[in-house]
Amino acid sequence: MLSYNALLEMFRQNSVGIPLITRKVVLYHTATKVAYIPPVTSLFAKIPILNLIVALLFWKPFFAVLFAPGLVCMLIALLPIIWFERKVTARVQWRYGPLEISRDIGGLIQPMADGMRYFFQEVITHREAHRPYFLQFPLLTFLPVLLPILVIPVGAIYAINTPYSIPAAIALISLIPMIIVAIGWASNSKYAYVGSLREAFMYFSYEIILIVAAMSMVILYGSANAIEIVREQSVVPGVILNPVAALVFFIAIIMATSRFPFEIPEADPEVVFGPFVEYTGIIFGLVMTIAYEKLYLLCLLFSILFLGGWNGPFIPPLGDLSPVLWLFLKTFALMMIFVFFRTFYGRYRLDQALKIGWSTLMGFAVVSLGISLGLGVINIAGWL
Amino acid sequence: MRDVNAENIEFLSSGAIAPVKKWGAKWSLWAVHLVTSCCGVELAHAYASGYDAERWGTLNFGMMRQTNLIIVEGTITKKMARALRITWEQMPDPKFVILIGACGIEGGLFWNSYHITRPWKIVPVDYFVPGCPPTPEGLISAIRALQKKIEKGEARTTVKFRETDLAELLGTEAGKERKPPKPPLKIAEKPEIKVEPKEVEWELGKQLVGKLKERIPYAEVFTTDVNRIYIKTDAKFYKKVAKALECEGFDHVKSINVIDVLHENKFIVECSVSSYSIKEFMPVIVTFAAEIDRCNPRIPSLIDVWLSADYQEREMHDFFGVWFEGNPNMGQKFLIAPEVETPLRKDFKLEEPSYVLEENK
Amino acid sequence: MAGVKKIKPPSPDFLETIKLHLDAFGVGLREAVKPSRMTVQYPRELRKRPKGFRGMLVFDISKCISCFQCAFVCPANAIHMKKAPNGKYYPCVDYAKCIFCHFCRDTCSKGAWKTTNFMDVAFKSVDEMLLTTEKLVNGPEIPEEEREDEYVVEYEIRGGKLVLKKETSPDRIVEVED
Amino acid sequence: MSEMKEYSLPVPVKPPAEIKSLELPVPPGLDEKATKGDEIVLFVGPQHGGSGHMRLIVRVHGDVIREVIPDPGFVHRGVEKLAENKLYVQNIPLVERPAIMDCVNFSLGYVRAIEQALDIEVPERARYIRTMLAEICRIGTHFYDAGILSVFLGHTTGFMWPFALRELTCEALMRVAGARITASYVVPGGVRRDVDNSTLNYIYEAMTYIQRKAKDFERIFVRNPVTIARLKDVAALSKKEAIKYGIVGPFLRACGVEYDVRAVEPYDAYDELTWDIVVADEGDSYSRFLVRVNEIQQSISIINQCIKTLKDMPQGNIVSADVAGKKKAKEGEEKKGLDTVNGAFFRLFGRLTLPAGEYTTLTEAARGTLLYTIVSDGKSNVPYRLRIVTPGWYYLKGFMESLKGCRLADLQAVYGSFGYFPPEADR
């Protein structure tokens, strides 16, 4: 039985260090007068229960899931990326995009207005739907979205440090399509049925190459632990070591997150948002963000595997948050590239996407595996 | 009918978080993709680069379940009316309707058509935009007006019209009484439907007419103009003529037409054919016509000669009730709503135009 | 004289396909960096209407001879004549039907019908759309508090480039033209 | 290997109720057969992200379309009947309405039928203005269709750019005729207004700009590998099939038939201008689209020739003297047409009456052959019967037949490649 103090001590032992808020900050400094702001966390240090909550929040495993790279970072990335997507598309299309809602910041809060509108709209469950599942599955999506965070570390912040973090993350991410297929089944409508079939087919087309590309990097670095992998890339990032794997992984992400040109399961003119056709209101808001959440997760993985993860100049005041910042910036930049594809691509057909996945990309994936094996041999022989 | 418009506004402006609700609804008017007619062109322009209605937070979206605005783009036909109502009912509350285009409001050009409805009697409408089609500016100003309505809770027409007192302007003393003149429409009681031969300078036509006369001696063949040949035949030879023309190289149907001659109690069924495969015949249109009884209008179908006749025959069946024997789809409504019967017959009367404003209006 | 031009759809091989991918990406990127925007930010900016634009009608009652021709020619039957106190008939326009073809304006031999550069109205009810002679004489007026316009924009193409020529917007938006 | 056999599970299924209640034009028993077999019956439209104002009843087997049954008429407004109750001149706006983006071509065909009946000779300037505007509308319609095709393929930029360029053609129409889209500009014997030189300059500049921007559009959409993959070899029709189904216009030319009404039966100024009929052999969706993209170039060339001729011509004389009732010109004196119709519109055209007979004209509208037949009884001042057959109605059969054997996702691609516009087909 853990005592209160032992629990508190356990949280404090393994807490996130951010000098900006856990150390004293010098505000005003002359030779005689020195003004400090006492650390914010120390305010609560003495108050029972509250100090436990604060300690829990800063406890690394909890912090990882809830703040970085978990839920909060995801939301911070999502709102601007949806706005950015609409803005950059509009820019390429010779127009402005969302603007008038807040002219000074270019309509940045437009996604929030849409969210508010969704929130207060009626939720319709149609007669044919499998009612309990129809409402449960959208909420269940948080499970496969947050589970991979457990094994994705950022610098020293991680929930579970495992030597199998990359395979585990990919395995957990691949739960998302199952939820989508289940959503399509629960909707019990023809278009939802066609849409979830498409989702299932797309899953087959990208999953193998995604795994092969990731594994080729694992072979190259000689470890499946994300922390090891990032350390290996301290000089040369993975994208230079094995560009083919990066390319394959990149395209697999497009397929996995149904971005253009592989936006096939939700194809609006063909199957009217496929699995999500019957959803209304805030539940639709939930299911529509699945693709963006998945994009965020896979971009995290891409940054870790190919872009040197959280490597970057250390910023002392941020402490443990400095790697978080670098990883977040890389991830966000990647997401911006992915959403840009909407501006100049249409969508492929399902059978074409399958063909691309199974022939061209599979070939590239095997080549990337070969490159990794070759580099690995050179590395072991000590020629590098 | 309950006032859904008022209920929507009431829902949005009630409760402690009313400002948030109103703000969300105001800046996120997503229009459902329900193209109903040709005003869709200007709707597309309003959302495209030229005007970019997306600036105002409105977006044209595919599916009814995720939207809160219907922009009715013009005509709602009797067939479309149910689709409009279903779409509206499937949309989650609170929802709004903007109606653009004269066709949707009072019918516009089609005010007395047999196939259109008044959409504002089917769904509750928030704003009406005139024009045929309205300009994209008109649509955007309706969206702006709707946003203001959500915010303030009351609808307001964007423009004011000041009334002038005519009595003051013109004086009340009655001058000479002006009687409304005779309306211009002049429709003959006993119309004369005839097609007469016309001699024209057209070498190919003379050859063709000669050839056809030889092939179908039972029919009357003559030219009516350059590139136009007319064949008068009988219903029992109708298909024979068609086969003969097919042998000559006429490979597709240009038009199948029925003329209703009410006072003579007959239908004239005409079929115009032309050719794509023979270059000289490309501009030539050969029309062959047969008269049939108006009470039991039956004529052989031509779909086994020219497949391109199929939909036109079904259309004529809808319009006139002519039964094309051999077409498998007879007896089924194709183009028009089930409740309309043979609208193009001359005894199917439309509402007459009026030129003087009635007092009750 | 018409000739014949035969075209052949492209069938790119692998390398060409990659080139085409990059080409499309290049155009997209160029526009993202330097967009050729052409949006008229209505209602902040108004689009300039050319002369003879077929907008809402204004009626000059002093010129009307009550000849009924405008009502007769109207294809939508939107013009009805209404008896005025002086015994003459004057037209009313039903904007619920009007298709803005301006056959009435071309018909009027006395020039009683005038056009404006304005037709962007949103009515809140169908009944309001019937403009009787009393309302037609004055034409539409935009309440000052509803106005959001700052500029009037005109499309102009100069040297192969589309320029949105901006002018400060006038005091009165609705301009009547003979 | 032995042939694969299909099995359907004996699951008790109930055919969906909507098939009966909607009174669809389907063969009886379609619902039972499909639900019990291995097929799904999908309703595409009228409220569907990828359909216009029509319903397509699609029988799908796996991902392959077995059959598509059209259910048109959602925008059927009874133009043919209404025309019998309106004056000849009142029908000009009416006949435009089926395809308002192609308004000049549509009114042109109708007006030419009247001119043919009354034997009116159109002044040269009016002929050139008509030709120029008809081609502007053709460009606008082709851009419209390209935009719809793009959005059906998910390419939103490909939708926005053509509509942005259409904004320029709308501006041109607005400067010439006064309305952005529905011009109602062509009248028997000429046109309603004259065009001044500054407008002509604008149109010339706009065409140059469109030509330049169309190149970008080509790079981002037309030659985009995704577009090529989606459209090439999809729903191909052979020349023989195309003729059998009676396809028209650019879609017929994409199948290798050199048929263009502007060439085989030239009207207005077309035989005085130099231009090419664009033809392709493949007959698939991509060539149907590419033919129209190339026609835009041809139209621009025609417009530029018209502008050149019009600038050299003196202003005025835009309505034929035949209409103005100046038939009896003095000997040796040239008949002078009218410079304007202002103030005399109803007097000139209001009570037109055609001699008894039947008058048929063909016009090459943007989407293909457009046929008007006016039957007149010689006494009424309304048509006794007006038969309109629009391009959409002609190629609907071919459109439906070409879909057989395509994949479900191809439905929208083929729809877009035909540029099917339901109001036009339904009238």
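Letters are used for the chains, namely A, B, C and D, taken in the order the chains are written, and counting of residues starts over at 1 for each.
Note that a contact is a pair of C-beta atoms (placed from the backbone, for glycine too) under 8 Å apart; a residue touches a chain by one contact, two chains touch by 3 or more.
None of these values were measured; they are calculated from a predicted model.
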**Fill in**
Min distance from chain CA centroid to global CA centroid: chain D
**Fill in**
If you tally C-beta contacts across A-B and across C-D, the winner is C-D
**Request:** Would you identify the chain whose Cα-based centre sits farthest away from the centre of subunit C?
**Result:** A
**Item:** Length of the line joining the C-alpha centres of subunit A and subunit B, rounded to whole Å
**Value:** 51
**Complete:** Taking each chain's centre as the mean of its CA atoms, subunit B sits from subunit C at a distance in Å of 23
**Separation of mean Cα positions, subunit D and subunit B [Å, integer]** = 15
**Request:** Indicate the residues of subunit A shared as contacts by at least two other chains.
**Result:** 92-96, 268-269, 272, 343-345
**Complete:** Touching two or more other chains in subunit D are residues 48-49, 87, 93-94, 157, 160-161, 164, 167, 182, 220-221, 224, 258, 350
**Fill in**
Shared-interface residues of subunit C (touching two or more other chains) are 24, 27-28, 31, 36-39, 41, 72, 75-76, 99-101
**Message:** Which category does the touching pattern between chains fall into here: line, ring, star, complete, or other?
**Reply:** complete
**Request:** Give every residue of subunit A touching subunit D within the complex, in rising order.
**Result:** 89, 92-95, 190-191, 193-194, 260-261, 263-264, 267-270, 272, 342-352
**Residues of subunit C defined as touching subunit D within the complex** = 1-12, 17, 20-21, 23-24, 26-28, 31, 36, 38, 49-50, 52-54, 69-70, 72-76, 99-103, 106-111, 115, 155, 157, 160-162
**Item:** Interface residues, subunit B side, partner subunit D - complex
**Value:** 32-38, 40-42, 44-45, 48-50, 62-64, 75, 77, 79-80, 83, 86-87, 103, 109-110, 112-116, 132-133, 135, 184-188, 191-196, 224-225, 227-228, 230, 251-255, 257, 259-260, 272, 276-277, 279, 282-283, 285, 287, 306-308, 310-312, 315, 319, 328-329, 332-338, 343-344, 348, 350, 352-353
**Complete:** The subunit D residues in contact with subunit C across the complex are 86-87, 89-94, 157, 164, 167-168, 171, 174-175, 177-179, 182, 184, 192-193, 199, 202, 205-206, 208-209, 212-213, 216, 219-221, 223-225, 228, 232, 258, 260, 262-263, 266, 270-271, 273-282, 284, 286-287, 290-291, 294, 298, 341-347, 350
**Asked** Residues of subunit B touching subunit A in their complex?
**Response** 12, 20-21, 23-28, 30, 48-49, 52, 54-57, 62-63, 65-66, 68, 90, 92-94
